[in-house]
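After this come two complexes, each holding chain A, first together with chain B and then together with chain C.
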Partner chain A sequence: MSGAKQQLQAAWAICGKDLRAEFRTRYALSAIGLFALTTLTVVSFAVGPLFLEADLLSALLWVILFFAAMAGLSRTFVHEEEARTAPALRLAAPPVAVYLGKGLFNLVLLLLLEALIVPLFIAMMGLRVGNPGLFLLVLLLGDAGLAGVTTIVAAMVAQASARGALFTVLSFPLLLPLLIQCIEGARAALAGQSTATAAASLGVLVAYAVATGTASVMLFPAIWTEM
Partner chain B sequence: MVWKRWADVGKWVLGGWMVAVLLGAFLLDARRLGTLGQGARIIFFHIPTAWVTVLALAVSSVYSIRYLVWRGQADDRHAVHSAGLGILFCLLATVTGSIFARITWGAFWNWDPRETTIFVLLLFYAAYFALRAAVSDEETRAALSAAYNVLGLVVVPFLVFVAPRLPGLAGLHPEPIVNVRGELDMDPWALLVFLAALAGFTGIYLWTFHLANRIGLAEQRLNVLEERDGRPVDR
Partner chain C sequence: MHRLVLQGIGKRYGRLRALQGVEAQVESGEVLVVAGRNGSGKSTLLRIIAGLTRPSSGTVLLYENGRILPPEERRCRIGLVAVDVALYGELSAWENLAFLARVRGRPLSPMEAQQLLASVGLAGREDDLVSTYSSGMRQRLKYACALLHQPPVLLLDEPSANLDAAGAQMVERILAQQRERGLVVLATNDPREVAWGDRVIRLGEESL
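This part shows the complex of A and B:
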């Protein structure tokens, strides 16, 4: 068993490898980016002329982000299986490093997605964000939970058939508490509530990310070893 | 075998017990049921099914953890059988609850916190079986579904905590029967029938779980025989 430092180095290397591969093909990023853009356009056409409350807008934003994430985040592991590089990855790095590296890659993808979609959403819906700091904090914490759960589910789905449909089916029940809390947090931020009043929501987001992340790190070796 | 004789006796005791519960649930004087009257009789079936759902899913998670630690085939089978019973009772609890909601709250579905929780449990275990159906290799299937089950065990408590905060929704469910102050809010005879139903439904779960496990073991032994002889066994 290698030390913690080597694990982190291996995780960093895996994330770097995936990022390089991604910037050459831009497969996952264009999949989730265009998916989100399409959904955003539909939403904007449909409800843009109406004056909507913050509750509804925060829900719409997270629905767009959630389904865009579902469109592309399973790619990291599915591609390894399709290209038959998974066995090599199993030999090259310890399981925990694989999980952390892939999770980090998914987190970067989500951040890039949001850097594109959130400003567009705000502009197209004519939104005023009451508390921008809280809004960003909710997005970041939501991403952490989303990346942690989707990464381990992607590793499961990659070993199954009917991957695309299965990824959403498996992720949704696990992500629902996170989604509810993110919508709630975003609503508070849009309405301009102070960060202190939303502390309970933020606490749940942190706890969710830590609990699911820890469980995933512990469970990952069981599903990643070659059987 | 002594154990087998006890199981036989237990089966008949359970049958008699459930007959008594049914008689009690339907013959109890309606005035003892509180303000809801006849409609309240459903609690003798609704709450026990919800309780068995939770019990069956907890048992399933325990067997999944055991599988991940020791990799015993039996643990995988037990986890699946308990999850299967859990999803059955979950459906029963959802349907009875929905009927009850129509009578008391006026609509079949309201997204009350507990309705939300049971609905997500239903989705979760449907996903669990979808995952199992999509993996052909036996050991991979067992490992993946066990890991998914444990992941669900980590997430469900969040749901119980988060669901009550859904915007604009206060809980519609009444306080638990034994409320925070430790007082009993139920007629003693109704309570007796209710507790008997709770015990009876738990017994039904344990009995069907035991049966499913015996069938699973027999299937597995037949498979071993078929593999040894190289030809199908007459079932």
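This part shows the complex of A and C:
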């Protein structure tokens, strides 16, 4: 079996294991889902009656998604350390497979979160998405970047105390360029602009996902081994 | 044929010196016992050998038929049983084994898993969640997981911890089998287990 194929199979197995454990405990799903629902409810009561521009609405959507992600995406590594299962995983799995598997798991969590929150946001804010295709594309590319960066930051903070605070503090500056482009892309989609108009934002989102993903794959083996 | 060589292993945590200048070697068919008082660095040394912790100084070399294995290949040759290394409580014993086998690139058939679990005294409990296991059963399952890929290097930290008399006999049987397959490094304070060693190093004292 080739090395790359084995790593992908190992990554798939890690993602599958995490999903199975998550659907049995529902810890991360509950954390990010309830946080997002609560925030969405607060936002809809606060600004629901107002007529808001597309740029403000897209910013609100991504703020909700970002903080919901911060509430649960570190769980994938933190739980391994707290449950003392990380050494077994370190011994059994190639480091790159661990990063890819955990990143895939976080991506699935984000997609599940958005499947819940985005339709509710649209309904509660009385939105009409002018360009649904572009809207979905921005969400998917944003998720890819968000999952890639939060996964490696989660691996870094998992061995530290005060993990929750560190996770958000370290993630925010890294995710700021992504958030700005996501908000810009979503604004264009809500305003009904063509996909070509948002090409610059889409290009940055693709480049961000590729650059952070590549850097993470290269850095992860050093992070994953205990000092 | 495998040979494990420890050259001047040292480990510091800030100003705390956990290990200093540990030298040892062990070959296939032998058991190396690492003894020492609590806090002398036995578990740290095993983690360094496993590649889980970086040493502050020194080198771990694993020879396979005269060739030094790179760290990534060394990882694949090691099985570890330790009190502070847990298995997935949200998964069943069978799921734990199947998962670890898949990430190692050696898929496991249900028949093989049943045989492995039977060999550690867990027959009939393969579908139960590990979170429902007693501490002794978890320790037995750790042996099954460590032996899954038939490693030539078996690292045991307090090998009889949480085990009853039958479990201790199981450990002796596993040690005898491992001597035929490779080598064992065992960290313990128990004089009965120290007696299993062909070579003994005592941490916190002069090496023997």
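Things to note:
Here, the second predicted complex is superposed on the first by the 223 of 227 C-alpha atoms of A that agree within 3 Å, B and C clash if a C-alpha of one lies under 4 Å from a C-alpha of the other, contacts with A are read in each partner's own complex, and residues count from 1 in each chain.
Just so we're on the same page, contacts are C-beta pairs under 8 Å (C-beta built on N, C-alpha and C of every residue); 3 or more make two chains touch, one makes a residue touch a chain.
In this text, all values refer to a predicted model and were calculated from it rather than measured experimentally.
Residue by residue along chain A, chain B and chain C are tallied for touches, and B comes out ahead. Of the two partner chains, chain C is the only one that A:Q6 touches; chain B does not reach it. By the touch criterion defined above, A:T85 lies against chain C but remains apart from chain B after alignment on the C-alpha atoms of chain A. By the document's definition of touching, of the two partners only chain C reaches A:R20; chain B does not.
When the two complexes are laid over each other on chain A, chain A has residues 227 in contact with both chain B and chain C. Across the complex, chain B is touched by residues 55, 149, 152-153, 156, 159-162, 166, 169-170, 172-174, 176-178, 180-181, 184, 187, 200-201, 204, 207-208, 211-212, 215-216, 219, 222-223, 227 of chain A. Residue ranges of chain C in contact with chain A, taken from their complex: 47, 50-54, 72, 75, 78, 80, 82, 84-91, 95, 99-100, 102-105, 145.
Chain contact summary for the complex, chain A toward chain C: residues 1, 6, 9-10, 13-14, 16-17, 20-21, 24-25, 83-85, 87-94, 97, 225-227. Chain B contributes residues 68, 120-121, 123-124, 126-127, 130-131, 134-137, 139-140, 143-144, 146-148, 150-152, 154-155, 158-159, 161-163, 165-167 to its touches with chain A in the complex.
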